[in-house]
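In the two complexes that follow, chain A is the common piece, with chain B as its partner first and chain C second.
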Partner chain A sequence: MADAVFLALSVITIGSAIAALELRSLIYGSIALMGTLGGIAGFFLLLDSPFVAMFQIAVYVGSIAVLILFTVMLVKRELIFKKIEDKRRKFAGIGLMLVLMVGLGSVILDSGIKSITTDEPAVDFRDIGADFLTYYWPALILMALILAGSVTGALVLARREDVGNEQRAN
Partner chain B sequence: MLEISSTPLVIIAILGTIGVILPIISIARKETGSNSFYAVIAFAALIVSIGYVAYQFVTEHVLPSALFSEDVLVDDAFGGFFAIAMLIVAIFTTVGSFNYMRKQNHPAVYYSLILLSTIGMVLVAYSTDLVMLFVAWELMSIPTYVLAGFMKRNPSSNEAALKYFLFGALSSAIIVYGISISYGLTGSTNIGEVIQGYSTLDPSFLPLALLSVGLFIAGFGFKMGLVPFHMWLPDTYEGAPTPITTLLAAGTKKAGFAAAIRIIILGMVALNLDWTLALGIIAVMTMTIGNIAAIMQKNLARMLAYSSIGHAGYILIGLAVAPFSSMGIQGSMYHILNHAVMKGAAFIAVGGIVTTLAVTNLDKLKGLGRRMPITSLGLVISLLALAGVPPLNGFWSKLMLFGGALDASSSLSWAPWLAIAGVLNSALSLAYYGWIMRKMYFEGETEKRVSEPKSVIAVMIFSMIFMVALGVYPDPIIKFVEMASPTIGLGITP
Partner chain C sequence: MSNELIDFVLVSVALLGIGIYGLSVKRNAIRMLFAVEIIINAANLNMVAFGRFLPHSGGQTLALFSIAIAAAEVAVGLSLIIVAYRMYQNIDIADFRSLKG
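After this line comes the complex of A and B, so read on.
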């Protein structure tokens, strides 16, 4: 049963990722991206991590993908996109991906990974929280700094320089 | 247990506080603050930080190179050594930006992002846990994606940022994949426990362990600019604002090496792998491709970018022979420090030339020696030091690197070839550095002297003193390197 669910999730995740890249319409592409992010949430559920799955849906599917969708709808499309297609590069990319997939897959399948069985209970989200406040506390501070840097950086990049503060206020 | 006064935590406190406060000050002042106001605050924060690292060394509050610890960070000499190198680069970048940012918007955010990225670089070197290392890696990278594209109206800056971001995101994803496999195999993210787990691993899991080490090499290799992961580097270094190129070439790249020493080398040693040949081949390919491509460039920034790839190859020689010669790892660390100053000075000089004369094409550098004498002198000395000409500092670190390769010849019969390749590549690099010097001093007759940016002059004077003084009298720095370098041998366990 788990194998079938895993396969279905893989098809949804990879299929919608390819659709997100290939679809001409940015709106449909963004919706396909939601499928990818939702598929990853499914993997977390399959791995007995409902807490992470919930956050994956809340943060990625619920916030980030919706934000991307709104941005696409609000920004003039011709300003951000110029279609350049190089078929040779595309096929080279697909070929490289297949080589990597086969290579990584064979290494993983050849190892003793199939012999691993575990009956350990799923990690409680309270333990994750406790770890972040004890062992990983410096990492938690750095994450706050990453968020601060990302937000200020994004604001500066997104800000239109040809509009004055007064116009902006109006 | 980490003490609150330990160096990495104090650096987070100083640079993190100032880094977050700068944009707030900017908003409070309704963006009327001048560029130099924010630059001076950032500069002061960096000086206090490097002063604290030096103070910790002088008062012997720093552990010997531990490499492993029970915490996510360790306040050891290895981390302190890299912290000094990174903070020097951050100071160069900040001072070099005084002039560059004069007419640009959002100086507060610009300096804030430099400080945040510096925390990331420094913390990568202090990390003894994979999660901590990854978070520090991201803190180092994300601000630099924005900084590379800071000149929003400049298409090359946008291209640089986009390429850098895409390759950076890919490298981060590869690193996370490596971390997830090593966590799956050992049940821990602590580097010491991971390596201990690797050394007692069931043989059937060895391919997976190898895969994780390979993913780390690829992930960190992108930032280090190793061939074949170097494709993004020339375009990004050329298109990004020149002071930010300094930060990338001399700072983030070195953080990649710090992470490599912490994880890849030790992981491979714990797995008892014969990895030296693979790293040796990558080293020779990297230095040769970097130097040959540099010869063909017409743009100064692009030439220095390729030269930077070449130097990653030299540094890798030391890592390749590390288990068989202590001089190898010492040479690598010595060259990392020297390269930070040499390449930092060269890129700041290029930044000064760009802002003053708006040229980077080599053909337009004719008579630069007369137009900008101090900047030119600084550039020439840094180029000679990069080529490894005695008695400059670059000579000693290359000597140590190539000596390490010869020293390892009793165990590795092919190791002397690394030294030969290094010497030949150094000679090759002298050819294109010499070409720049010829343009600057022996071509062009009528050019008049122009006013040179004071901030660039300050960086040039400091770096010239560093390169010449530590070239003539290298003993103190060699002792420092010996003290900070870890002992790596086959079968090492935490």
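After this line comes the complex of A and C, so read on.
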């Protein structure tokens, strides 16, 4: 059975996920998204994987959420507060969400996952480092190239072509 | 350890449902990116949970790869949103008409 810390974390995570999608202002929405990402980091701590939790906080809460916040600030003010959706679609979406949750949840509850428990010690983070440098080293290099390429691509895409170099200097 | 695998998997299912709701209902491009982030995090939670209960180091390794790829995806996605906003002065995806086939 789940303990109190788990219940509190799941309420925070799921509640702020709903808030991130439903709050009127995009700025508050992105701050609520930060709550969801931080809650997931808490789950990683509960699962005895502090290395992944620190990575999650550094990458998601530290950089992605701030990136989203800055993008929101670049958008016009009335667009930040405007809600664009139609009512019928919203009800259909809520129905889809409930069907998905109940369907997948009942399948999972009927499966053998329920009986899985473990008394074994958690994986040491040194093993993860060894994995990265032995078996997964081509994937690690490929990931570094993808990251560099995507960041360069993002910079090239977001560059403004209508602004000249002399205007940029000011 | 008092928490069982099923608890984490159920939280992950709930997050997946919320993410799919956001993707299907919202027309705001930035909100759709939020929904994608929520779904990716649900997947990461699953990977780490199964890796803990097997126990196997592969779950955490894959989760780390997935976090890094998601960071790249968000950088490109946000810059695409900025470019589209500059072209149409709007972030409603129904207005991005030149992307239509």
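As a convention for this text, the second predicted complex is superposed on the first by the 153 of 170 C-alpha atoms of A that agree within 3 Å, B and C clash if a C-alpha of one lies under 4 Å from a C-alpha of the other, contacts with A are read in each partner's own complex, and residues count from 1 in each chain.
Methods note: contacts are C-beta pairs under 8 Å (C-beta built on N, C-alpha and C of every residue); 3 or more make two chains touch, one makes a residue touch a chain.
Every value quoted in this text rests on a predicted model; they were computed, and no experiment measured them.
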item: Which of chain B and chain C A:Leu133 touches, first, second, both or neither; value: neither
item: Per-residue contact with chain A, leading partner among chain C and chain B; value: C
item: First (chain B), second (chain C), both or neither touched by A:Ile146; value: both
item: Which superposed partner A:Glu85 touches (first chain B, second chain C, both, neither); value: second
item: Which superposed partner A:Phe44 touches (first chain B, second chain C, both, neither); value: second
item: Touching partner for A:Gly112 - first (chain B), second (chain C), both, neither; value: first
item: First (chain B), second (chain C), both or neither touched by A:Ala8; value: neither
item: Which of chain B and chain C A:Val66 touches, first, second, both or neither; value: neither
item: Which superposed partner A:Leu104 touches (first chain B, second chain C, both, neither); value: both
item: Shared chain A surface residues [contacts with chain B and with chain C]; value: 104, 108, 113, 136, 139, 143, 146, 150, 153-155, 157
item: Chain B contact footprint on chain A (complex, rising order); value: 104, 107-108, 110-113, 115, 135-136, 138-139, 141-143, 145-146, 148-150, 152-157, 159, 161, 165
item: Interface residues, chain A side, partner chain C - complex; value: 1-3, 6, 10, 13-14, 17-18, 20-21, 26, 29-30, 33, 36-37, 40, 43-44, 46-49, 51-52, 55-56, 59-60, 63-64, 67-68, 71-72, 74-76, 79, 83-85, 89-90, 92-94, 96-98, 100-101, 104-105, 108-109, 113-114, 116-123, 125, 127-128, 131-132, 136, 139, 143, 146-147, 150-151, 153-155, 157-158, 160
item: Touching residues on chain C, where the partner in the complex is chain A; value: 1-11, 13-22, 24-28, 30-31, 33-35, 37-38, 41, 44-45, 48-49, 51-58, 60-61, 63-65, 67-76, 78-83, 85-86, 89-92, 94
item: Of all residues in chain B, those that touch chain A in their complex; value: 2, 8-9, 12, 16, 19-20, 23, 30-31, 71-73, 105-106, 109, 112-113, 116-117, 119-120, 123, 129, 131-132, 135-136, 138-139, 142-143, 145-147, 149-150, 152-153, 202, 204-208, 210-211
